[in-house]
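Got a structure for you, questions after.
Going by the order they are written in, the chains are A, B, C, D, E and F; count residues from 1 in each one.
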Amino acid sequence: MYHHVKKLMYTVNVGEADPKFGKMLLEQFGGANGELAAAMQYSVQGFNCEDPARKDLLMDIGTEELSHLEIVGALIRMHLKPMKSERDAAEADPLVAIAGGGGVALFDSMGNAWTANYLKVTGDLAVDLRSNIAAEARAKIVYERLIGFTQDQGSRQALQFLMTREITHMRAFTAALDSMEKPQFAVGIIEPTPVLVDQFFNASTGEGQEGETDYVGPWNHGNGLTLVESDQIGGEGLDVTPYDPQPGTEKTSPADSTPVGAYIGRNGQSSSAAHHKNKGKTAKHAA
Amino acid sequence: MYHHVKKLMYTVNVGEADPKFGKMLLEQFGGANGELAAAMQYSVQGFNCEDPARKDLLMDIGTEELSHLEIVGALIRMHLKPMKSERDAAEADPLVAIAGGGGVALFDSMGNAWTANYLKVTGDLAVDLRSNIAAEARAKIVYERLIGFTQDQGSRQALQFLMTREITHMRAFTAALDSMEKPQFAVGIIEPTPVLVDQFFNASTGEGQEGETDYVGPWNHGNGLTLVESDQIGGEGLDVTPYDPQPGTEKTSPADSTPVGAYIGRNGQSSSAAHHKNKGKTAKHAA
Amino acid sequence: MYHHVKKLMYTVNVGEADPKFGKMLLEQFGGANGELAAAMQYSVQGFNCEDPARKDLLMDIGTEELSHLEIVGALIRMHLKPMKSERDAAEADPLVAIAGGGGVALFDSMGNAWTANYLKVTGDLAVDLRSNIAAEARAKIVYERLIGFTQDQGSRQALQFLMTREITHMRAFTAALDSMEKPQFAVGIIEPTPVLVDQFFNASTGEGQEGETDYVGPWNHGNGLTLVESDQIGGEGLDVTPYDPQPGTEKTSPADSTPVGAYIGRNGQSSSAAHHKNKGKTAKHAA
Amino acid sequence: MYHHVKKLMYTVNVGEADPKFGKMLLEQFGGANGELAAAMQYSVQGFNCEDPARKDLLMDIGTEELSHLEIVGALIRMHLKPMKSERDAAEADPLVAIAGGGGVALFDSMGNAWTANYLKVTGDLAVDLRSNIAAEARAKIVYERLIGFTQDQGSRQALQFLMTREITHMRAFTAALDSMEKPQFAVGIIEPTPVLVDQFFNASTGEGQEGETDYVGPWNHGNGLTLVESDQIGGEGLDVTPYDPQPGTEKTSPADSTPVGAYIGRNGQSSSAAHHKNKGKTAKHAA
Amino acid sequence: MYHHVKKLMYTVNVGEADPKFGKMLLEQFGGANGELAAAMQYSVQGFNCEDPARKDLLMDIGTEELSHLEIVGALIRMHLKPMKSERDAAEADPLVAIAGGGGVALFDSMGNAWTANYLKVTGDLAVDLRSNIAAEARAKIVYERLIGFTQDQGSRQALQFLMTREITHMRAFTAALDSMEKPQFAVGIIEPTPVLVDQFFNASTGEGQEGETDYVGPWNHGNGLTLVESDQIGGEGLDVTPYDPQPGTEKTSPADSTPVGAYIGRNGQSSSAAHHKNKGKTAKHAA
Amino acid sequence: MYHHVKKLMYTVNVGEADPKFGKMLLEQFGGANGELAAAMQYSVQGFNCEDPARKDLLMDIGTEELSHLEIVGALIRMHLKPMKSERDAAEADPLVAIAGGGGVALFDSMGNAWTANYLKVTGDLAVDLRSNIAAEARAKIVYERLIGFTQDQGSRQALQFLMTREITHMRAFTAALDSMEKPQFAVGIIEPTPVLVDQFFNASTGEGQEGETDYVGPWNHGNGLTLVESDQIGGEGLDVTPYDPQPGTEKTSPADSTPVGAYIGRNGQSSSAAHHKNKGKTAKHAA
């Protein structure tokens, strides 16, 4: 259950209204990496989460993002105000000015209606936490760029507040993922095919117009990865020996989500046993 | 420039056509976490990448994903075939059967047209690599779930191949991010506000119907994070002292993208200098 | 600022999981007339509202709808559970089962991602209240139809709870509109053209296959409206005498929103004066 | 069956072409509250309507809106003409200029393609009439705002014509709803839960940055509604006693649509009997 | 201006309602190649058309497609009726059944809302006629497939009627294009680059899993086209000698649309002169 | 399987960056008629194609379009560069500047995300080739218009290169369609209804504001087509005699796709026999 108090989480002040900057700010209200996207991604993940400790985390941050949505909304509304009466300002975003009356709305900076296609929700906790870490990094960089395009101190400070919170959340999601104690590249319950998983495929070769060329880096040399040249240009190609999936071979965590699929484990039992869930262990102290 | 050879990267065999499973597989052809999404996300990032070494990486993987799109397409086409002549099969997805003639198409498993809204492309390399790590984790789990819903050995082996590659790519993107040698939570060029960045806000409290309650975990206790209770329920609330953004204070990497924004650095110069770009260092040996 | 407590506003119980009914219920989670649509429509209107009394109303109901979203989500999650492990159930909505892990998601019953295109927000308070009255009527009928397709008592009672709240809100929005004391058909600040406004145009004539024909009703006869036959079939047609708009001629309310447009009133002053705003009158007692 | 005559319903004249105003006008051609939305909403409702008298009304107005679409299109085309040859004009909407050749198109003022998601069609006549009343109010205010942003007399007069028709239609839809003789808040066939339906829930409290606070108004005091404080902040909360739905308890009209759902009425018969349909009564004189 | 008569252009009869077939039929109501798409594509092209003769053609066919929309709607409505009361039927399309009350709606067979993204309108008459020829071919094949999935004679006959009209329109659009007397591959006002325009590029080579291989056909051999092997696999590659565009070098027609762009012709005059428009020639007899 | 070489198919040079022109160019990267649309339309058709010769054609051109996507991307990226640091430039497309970091992205010139709704793929080869011919004509005219709005020689030459290739492809698709040796208006396997198919219906009559009137042209007089006046205005109307579909009566080609539908031919056998497929004839020499 939700409750709203009329006080904003952060008090917003704006010097002079700048409607074109207000339009830019819409990116963080109704845009792909904006506050509604964050609020919905984490809250819906939270509604579905089977691990009560990390469900608490998801609801904490999902709810805070709703408060951020309100802050950004207040900031935008101040900047958009001239769209109500000035033709010049209205031209910058007629959808906002004429259809929306010059108020904040769930569109991005180019008038695209917010869509749940922006969200990344798989229902697998360890995967969702990775999506959230990336989402926070994206939101951080967008706030930073907005700061770069305004000189209004009140706006900059409000954006700095919001930007900072993204880093806090990024740290929290990372801590939550780490605390699941899964190996870094263990996802789900089926191990990848040996040998093949170590082959980095060189699908782009040659030299480009701006001096682009083939590089050796830790992504294709070291870290257990080896470079494989494409059979299309005379290389040996990937190892394509057929390999049967082995459910229950990947290391899981007590906090993992139920696996999805009608699996029969190697011993003839449902592979969900592979989770060895022991919810008792996840007491009110999650760690 | 691209070239296509008619040989599939992985030879696909299917026992008995299963049109409803074919429909499920569309998720990885025209779906949100599917192969076109991967191919386009990495390729467009690659087109924009200013660091030639990691641009090579992005083009390698982006191109390989196009080859995966072709494999999934071949697999789906085999499974959908009965939609051409059997009413029962056609009912499962009339958009595919009647509008598309029973062939593979850029829709997901519920008929949603593929949209670039699925992509996460910010143009900031370190951020994009995080989005890619998360994207690979999502694709892995989706393949695993598809494996769980078919007993056809040829399909399972093909999906195992594709699933494995996602883990390879996840490792490669992780190595590329690590090799940028940025601190784990450094994004862009502006440092978050001190103190505030350490406060975890407890926006969800109380006890739920299924025993949900407040937890202490490493995301709100330890790791430098401290729990702050909401002022809405009598807590102290977040530290909302206004703080001016400080461009150029965050640790960057030689491989970082140009910062975006009309920044003036602290010494009166453009903050892009904060990058201390030394492209010469990123020789053909990227590390 | 928002706060969340883990207790649901209404405790949800489900007898036997019915995944196809769960899919139907998605209509009220991520569908066009669902709870997120209601929450966002009223909250965004509230963020923009210039009348503090009705802003309070909009925030009250907007926030309650978020709590409803959570209730519907809990109900759906219980019904969808078999999608995690049963192929039959997963076939009903592979997007939910395979991409979403069998959890609740911001899609409607046919897998369409929620979009802000569902919202009706004009920033004109009296118009928005009419949109809200209609929205509540739609949500009511959808809940009623859902009740008609399940025999599960716990589900029916939960839906009855949610359905009832829509009528409460419909009454509240109606009272708020009435309390603005505007004439029933006064919208904005420009009067419609006399004579023309009374002409009902008979653009559809003749007799149809199922006995459809021309009717006389209170919408074209009485209520000040008169029937005009189309010039296309030999009638006199509408009165198309050009008429200049007269800003400031429509009766407004102290609670009205600022008019939008670069109007010059009849006395040479900005027509926003036509509102005769007296915010002082709208004290804490709104009436 | 439809017929078109080349004469516009209203003759359009434009002084000087104003391409940025033409772009604004697209809002009423391919926008959310524009003429195609109106034409399609009423016509599709009309196609489905089981009450022949109000079906006639819906087809009359749905068809008139098509004629309006043509008028707005003619107006826009005149204003957009400079986009064909002037770079400045083309920059304002390259989608129109370059992809569309400078002609009118089914996009809104920000280039969003028209979508049927704009429509509100439930198939319940009394609900749909409410949606139509709100739709007409929205279209009216959008026309009024467009008038406010142009000084071209020919454009203003054409917009005044179109704006006026929205009020005519709003009156007609209201008369049609009233003539169904249903109680104001009776929707469908199931009564809301007693007591609960009278409780207005105070989900937003406290004081805001711009002086927002809690108000008493006719929506939470009087009109049979009583204020309930949230249990989240120590109030008594809503009455959540479970209550079974009672199909057939809400007052219906002879013109009502068939109820939807597999209802069994209280006497063991299909609740559609609750409608007591007497189509004979709805003779060619609808009233 | 439009007028509607209640008589359908073709009287629709249905034996037994088949809701899953009704769902398939939605493809031609609210689908990508359906009747609204046709009506809107031709009507909007007609609104913009500068050649009065072919404008008449576009309005004729655009209006007839509206009458077809109504026929398909009537057919679908008969088939969907069981969705109002039978759970099984409602499961096939809950969006139609529960949100839409079991009536016809502007969705396709998988519930996607109709979007103007389906339309192809460039404002270049000769290009638009080609798009229309292709659109009619698509609509024909979709009707034919629908016929293949029903045994109901009334439905089959109605679909045969509608299918036939598509061929009529395809012939009419072809005649209109031919009568413009442009060379078959002359589009717009700029000639393609000589030599390069004759080179067919062999970008896909090798042999595939199902015996796919390189073919010689009239598209790469003869018809003035010659095969060029890719430089990527050791071929000579395309002729990439830079070539300046020559506006006014392509053969145009008196019925052509105004060219779009700020062209300066070779003689220093606006290249629109290249059209040699002689509207007087296009008298009431178009040929 | 795909391979990428870093060398662009056409080397791109730009004089001075023109961010507003870069925004226009997005139309051909992520727009409705752009290079990704072409690449995907032909490649997906190719994945599904049952005729190996024309499948080769589709893969050749589909792959070349990917190389074009890369060229357009390089061109756009050069023009957009100022969006990274100049507020003015960033205002032109904040979605690109702020969310995307000033790089090329899969949006069109008004910020609409690319959608597979742009594609026309029916799985019927002869129909798809018509869609491709039209698609190439559209792409040609869009490139031509872009040329018209820039004076930068390098950009103009690159666009001329890309524009030329569209005409090459249009010729190739036309040759491929012709080589199927089907009558011009034969689509699928069911003949249209005799007599009715020859009737051109005059659904738009009268005289318009700009002198529009009824025309006689080769689309309604000659070419076997005869004009029929609407019964709505007193004409005889179309011949609506019911007619049963006759599968297997339309002339097909050995290269035709499998017909879709559960047809029973006139002799009691599956009508797919009507194709008289003789794949042996379609040897490596396709003609």
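In this section, a residue touches a chain if its C-beta (ideal position, glycine included) is under 8 Å from a C-beta of that chain, and two chains touch if they have at least 3 such contacts.
Bear in mind the structure is a predicted one, so any value in this text is a computation, not a measurement.
Visitor: What is the graph distance from chain D to chain E, where chains are linked when they touch?
Guide: Tracing touching chains, the least step count from chain D to chain E comes to 1.
Visitor: How would you label the chain B and chain F contact, same or different, if same means the shared numbers make up over half of all numbers there?
Guide: Looking at both copies, the contact residues mostly coincide.
Visitor: Need the most distant chain from chain A, centre defined as the mean of C-alpha atoms.
Guide: It is E.
Visitor: Working from the CA atoms, figure out how many degrees chain D turns to land on chain F, in steps of 5.
Guide: 120
Visitor: Could you put a whole-Å number on the gap between the CA centroids of chain B and chain D?
Guide: 39
Visitor: Report the inter-centroid distance (CA atoms only) between chain A and chain B in whole Å.
Guide: 8
Visitor: For chain A, give me the residues that contact two or more of the other chains.
Guide: 1-9, 11, 32-33, 56, 59, 62-63, 67, 74, 87, 97-99, 101, 107, 110-113, 115, 117, 122, 124, 141-142, 145-146, 149, 203-204, 212-213, 232, 259-262, in rising order.
Visitor: Give every residue of chain D touching chain A within the complex, in rising order.
Guide: The contact residues of chain D facing chain A are 20, 23-24, 27, 31-33, 92, 108-112, 141-142, 145-146, 149, 203-209, 212-213, 230-233.
Visitor: Would you pull the chain D residues touching chain E in the complex into a rising list?
Guide: 1-9, 30, 36, 40, 44, 47-48, 56, 59, 62-63, 66-67, 70, 73-74, 77, 83-87, 97-107, 113-117, 119, 121-124, 257-262, 270, 272
Visitor: What residues of chain A sit close enough to touch chain B in their complex?
Guide: 3, 5, 7, 9-11, 32-33, 52-57, 59-64, 67, 115, 117-118, 120, 122, 124, 126-127, 130-131, 133-134, 137-138, 140-142, 144-149, 153, 156-157, 159-161, 163-168, 170-176, 178-179, 184-185, 187-190, 192-193, 196-204, 210-220, 222-225, 232, 237-238, 240, 242-245, 247, 259-263, 284-287
Visitor: Please give the residue numbers of chain B that touch chain E in the complex, ascending.
Guide: Against chain E, the touching part of chain B is residues 1-8, 11-12, 74, 87, 90-91, 93-95, 97-99, 101, 107, 110-113.
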